[in-house]
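Here the chain labels run A, B, C, D and E in written order, and each chain numbers its own residues starting at 1.
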Amino acid sequence: MELDWYLGLSAVLFSIGVIGVLTRRNAIVILMCAELMLNAVNLTLVSLSAQMGDIHGQILVFFSLSVAAAEAAVGLAIIIAIYRNHLSVDITKINLLRW
Amino acid sequence: MLEQYIPIFILIALAVLIAVAFIILSYLLGPARPNKPKLGPYESGMDPIGQAKERYSVGFYIIAMEFIVFDLEVVFIYPWAVRYQEFGPGTLWAMVLFITILLLGLVYTLKKGSFKWDMLPGSPAK
Amino acid sequence: MEFNILGIGVLTWLVFLPVLGMLLVLLIPGNNKNAIRWTALGITALQLVLAVIVTCLFDRSAAGVNDPQSFQFIEQFRWIAVESVPWIGKIEILYFLGIDGLSILMVLLTAIISVIGVISSWNIEKMVKGYFVLYLLLVTGMMGVFVALDFFLFFIFWEVMLLPMYFLIGIWGGPRREYAAIKFFIYTFFGGVLMLLVMLGLYFSVAYTNEAGEMVHTFNLLHMMNSANFVEGSIFYGLDTTWRYIAWVALFVSFAIKVPLFPFHTWLPDAHVEAPTPISVILAGVLLKLGTYGMLRILYPILPDGTVYFMYLMAFLGMISIIYGALCAMAQDDFKKLIAYSSISHMGIVMLGMASLTNQGTVGAVLQMFNHGTITAMLFLTVGVLYDRTHKRGLYDFGGIANQMPKYTGIAMVALFASLGLPGLSGFVSEFFSFLGAFDAFRWITIISVIGIVLTAAYVLWTIQRVFLGEGKEEHNSLADLTGRELVMFVPLLLIVIFLGVYPGPAIELMNTSISTLVEFVGLAGK
Amino acid sequence: MESVNELLTISPIVIIGFAGLFVMMLDAFTGNARWSFYASLFFCLAALAGAVQNVLGPTGTSFYSLVYYGGTASFGAVLVLTGTLFSLCLSKDYLEQTGNHIAEVYSLVLFAAFGMLLLVQANHMIVLFLGIESMSIALYALAGLLRDQKKSVEAALKYFLLGAFSTGFLLYGIALLYGSTGSLALPEIAEASDKGVMYWAGVGLLFTGFFFKVSAVPFHMWTPDVYQGSPTTVTAFMATASKSAAFVAFILVLSRALPDTSQQWQEVLWIFAVFTMVIGNLLALVQENIKRMLAYSSIAHAGYIMVGLAATSGAAYSAVLYYLFAYTLMNVGAFGVVAYYECHKNCDFTEIKNYAGLGFKKPIMGILMSVFLFSMVGIPPFAGFIGKYRVFAAAIDEGLISLVIIGVLASAISVYYYLSVLVYLYMKEDETGMVMKRPSTLYSLALIILALLTIYFGVHPGLLTDFLGSFYSVTW
Amino acid sequence: METFFFFFFATLSIAAAIAMITSRDTVNSALFLVVNLVAVAGIFLLLKAQFLAVVQVLVYAGAIMVLFLFVIMLLNLNSEERFFSEFRIKYGIAFILSVLMLSLLVYAVADATNTLPVLSPDSAHIGTVEALGDTLFVTYILPVLSTAILLTAAVVGALMLAQRKNSGKKES
């Protein structure tokens, strides 16, 4: 089986991001892993766009970058707020709400 | 096509190489005779109090956030500016609107007094 | 037959008069309790007058059942209709009311019991306004079920009854009221859910061709009864298919819960014990009849093959209910619970008579529905009277009431003997017919069921002995006899019980044509 | 003139976007939350008028086929704006009483509504993605509105982390669909002929993203926490408007981008619908906090709606739209009554056990709560019944009989937990002897209108069902 | 040549990504993410998406990561425990899930191309800033304006969350 390597690379990066989100306990690192996932998808989009000679994929990357920025801004603000309340960003220590 | 980037790659590689080389060289060539005062942060001064990583004010965060916003604005303005001549007046107005919306965000931040520096983070809410 | 008032059909008046009353009651300030009571009484009395007029105008020779022409007081217009959706044809839900011999007695019964219920609610003091609002809504729901000829409409009225009943038990009930209310609600809602499923299945199976030649899916019960209307290849197409049997069982269970038939009966004793007296009266007098009425109106003619196939099952469950209800009644020492279990036993007789698919049996069953409604209403009122005075219901708490309250005892005796099936009182006629019909169809089951009569005699007589005869208790020496208001609610029922015991002819004539049509239809279609 | 007409096709989006900025500036220059409140009400009404006008008009696409208007899309806008309008009406009193009346709420709610409107009118994956993200980012912030309360900030964090995670999946799904079909526009995705493995991986990831937004099991973990942690009127907004928007967009994607392969993904929806209905209802049974209970009940409702999506017929989609409308009315109503009780500070009025005897204290509120809860149970004559009925009917018509049976039984379970609230309201004795406040005119008026609409559309659904049915027989 | 650069950047990005999720120190994680982002930008260049490569470095590595680092400094976080210090079921499940997903994705993107896919002849053209500008400001003008509102919404939300409650307001 032969592989489109660009897409394969982005699948690998995406999966590393998923592992990070699932295993890390530090909310900031989890957020970074989510950014990594988005970044991996951007790679997929650019690669597909280049292969097809179609510009729309690259346009979507523009917007996905903006969204990633906005998400980071709000996410980090939430993390600051939670740090004020708990003095920790460890998600395992934040467990008031279950079930 | 790819070839035209090679100078950039070479430049980057050179920069990295030189930086790494200086570190390694100074490690290899420099005399290493450690003693206690020498290992302190200030060889001839007081011991520092607290940690090296100081806490920053929330103001930094807010500035960084505004920076992101305007960074993105640049990213959007640049392709527009390059082709500005080709576009009709409608696009100009759209761009004005785009910039205005983002400026409104800045005005909001200013009005909310978020750039004041008296807010220290880190202390828990009562 | 048509009868309009102000351009609106009489059946709509019958059904929605209580809603009108509800709005009136809402306008009266809550502290003016008597005005609220009188309004409710006036409205239900008006409803009774209308029901009596309808009964008088009723044409006894028209059959109804599955023939739209011979239904009476028909009102029909399209309620929800979606035009031309290409893949399922037209959607049609009708506002379709009408009565025939099966429903006329039930309409009358509902109207009578509603009035009696209002009178016996007179001494309710807690939140009078809310009580009567819910009460009138309940009456609308009950009346609606008996006159609806569209399955969807039937279902809506059926579920509308749930809400007021839930609150009436849950707010004005006894100590364990929330338990009883929730149990009642969940049982009945579960039944409703099964009914909904079958209803949906039937809806997609049945389509008739309208005047314009289009295929129209419909909830019209009369169209569902015509086996030619089942679309080929649909889920309920054909006769004696597995899906039809499943549908039959599901629908049967949903009605049997309401009857209640063993083993779906456990909500009934709880609900009766906790409900206030007037609500027990309504519950036993009308609500239980909805189950058996639903079977006759929907289950029998729409799924006749299933009915014939499962008739032994019905008879068997009827038998178990008769015996089990009677045995449980014997074991009770709470007067109200005893009557609740006796209801299960008596509704078993209805079931047995219906299951026979014979003319006498079914006539007996419908008559028994009416008679049980009146008799049990009287019995619950009897308990209510004692409970109002002493706040006790235990059978052993009383004794020698006959000396203390002679008028009351006389009336209570009539009710109890009617329940026992004493010849000359109405209970005897209908039970006799039911057993007679059943005996033709299933010999052994009927013979065993008759044991239930003996058991009934036993617990009724024992009750009379414990409560009315023997040594009087001292604390009960000062018990007042029936007041004028209480007499007003007992006497009409008493007259009906005696009249139908002596001369059941008019009642039987009202339904005879319809029932023979129904029996014939089910027999033909099912075999 | 042409461009003005184009703008009219997205008039709700334009109005709400402008409103968000306007209210934000109002906040910056005056800091007066009341003004923001009235301004946002006004703009919401204007946008609703625009949406209603669009829904009555023709369907079509505009802005280089990026947005779709009329029909389902504009009705989605009506749904979103109805939810927004009514939750805004309730917000002022509630937030003032609980001391959280800050003007940011209004601009954030409007920004979220802006995203939802983009989402429902999306005809292109880029617009869809931006819509989902604008909505989510504003909602993350709204979830953390009570930023000094631990549970609120925690809810925001949980929502945010899971939301960011799901965004990755959604975007990956879009990317793979793009790769396999060569386009990002919904109708063009449908036209592509090649449906290889990449296509299916894309569809799967896209579904994952949507399942998260509509809180289908097992992607529902955030829902109860966020619903509990947010201020109640904001919860009402999230529970109704965002869910409606996500479902309408889901319908548009299913019916416009993936119609040919419905046979295959129907089964996926089937399975998730079963899980969502069963688990949502079962977990709702054990809740003691009414907001969590309503959260699980909203998960269960999402399950019923997915039954409609699994049916994939036009009748089912129009039934789902009806259901969403009924759902919006009754859910905003129920949360509104809870918010009213919460305005009393004697004890924690999100705990169901503290509701003992409250039904008699303020009879109108009790009756309203009963209406909304009974409608959620699905009892005639309330709108919830008609919605559930039509969804199930459409599913039966498509032959999903076992799915409907599961759904109906699951909804029979739901009776218990809805009624237990009424048991506390009406059948337990109140021991505190507290005095209930009088709600403001606007507050009670909004709730009464909701209740009347719930009853009206239960008794006389014909008008709306006809209208919704017409979207599918005429246009597609 | 292309293959060499691809492998160089691919290895760099994967190594940086793994280092990021395993590193104990949050600051190091962030720096590794920067390395990863720059490496991906390199791959963008290989794909002839020049402008996006610049934007990637400018926005992602330049702005977003600065924001991350500021917050990390701001909160002055202690290091987390080691990544594999204790084996937990959670890690196992996460790992299995991810491997499953990875294989699924790889299966999905497996295609009959040679080692590196042939880029479309148009690809050189579409990556230019001019081409992007033309499309962005003609066809996608509505999303561009929506993005402005999205960013403003993020500013409002982030300010509200990051600021401490003003003392002048009523307490809850």
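Side notes on the structure shown:
Operating definition for what follows: a contact is a pair of C-beta atoms (placed from the backbone, for glycine too) under 8 Å apart; a residue touches a chain by one contact, two chains touch by 3 or more.
Model, not experiment: these values are computed from the prediction.
For the pair subunit C and subunit D, there is no chain touching both partners. Contact with both subunit C and subunit E is made by D. Here the chain-to-chain distance from subunit B to subunit E, counted in touching steps, is 1.
Counting contacting C-beta pairs between every two chains, the top pair is A-E.
Comparing chain C-alpha centroids with the centroid of the full set of protein C-alpha atoms picks out D as the closest. Set against the C-alpha centre of subunit E, every other chain centre is closer than that of C. Centre-to-centre separation of subunit A and subunit D, using mean CA positions: 26 Å.
Subunit A and subunit C have Cα centroids separated by 64 Å. If you average the Cα atoms of subunit A and of subunit E, the two centres end up 6 Å apart. Between subunit D and subunit E, the centres computed from C-alpha atoms are 31 Å apart.
Among the residues of subunit A, those in touch with two or more other chains are 7, 14, 17-18, 31, 44, 52, 54, 56, 59, 62-63, 65-67, 69-74, 76-81, 83-86. Listed for subunit E are residues 48, 55, 59, 63-64, 67, 71, 74-75, 105, 108-111, 132, 136, 138, 140-141, 143, 145, 147, 149-162, 164-165, each touching two or more other chains. Contact between chains, per the stated criterion, is found for A-B, A-D, A-E, B-D, B-E, C-D, D-E.
The touching residues of subunit A, when paired with subunit D in their complex, are 7, 14, 17-18, 21, 27, 30-31, 34, 37-38, 40-41, 44-45, 48, 52, 54, 56-57, 59-60, 63-64, 67, 70-71, 74-75, 77-79, 81-82, 85-86, 91, 94, 96-97, 99.
Contact residues of subunit D toward subunit B in the complex are 3, 21, 24-25, 27-29, 148. Residues 1-2, 5, 45-46, 48, 51, 55, 58-59, 62-64, 66-67, 70-71, 73-76, 124, 129-130, 132-134, 136-138, 141, 144-145, 147-149, 151-152, 154-156, 158-159, 162-165 of subunit E touch subunit B in their complex. Residue ranges of subunit D in contact with subunit E, taken from their complex: 10, 17, 20-21, 24, 63-64, 66-67, 98-102, 104, 107-108, 111-112, 114-115, 118, 126-127, 130-131, 133-134, 137-138, 140-142, 144-149, 156, 172, 176, 179, 197-198, 200-202.
Listing the residues of subunit D that touch subunit A in their complex gives 125-126, 129-130, 133, 137, 140-141, 144, 147-148, 150-151, 153-158, 160-161, 164-165, 167-168, 171-172, 174-176, 178-179, 182-184, 224-225, 228-229, 283.
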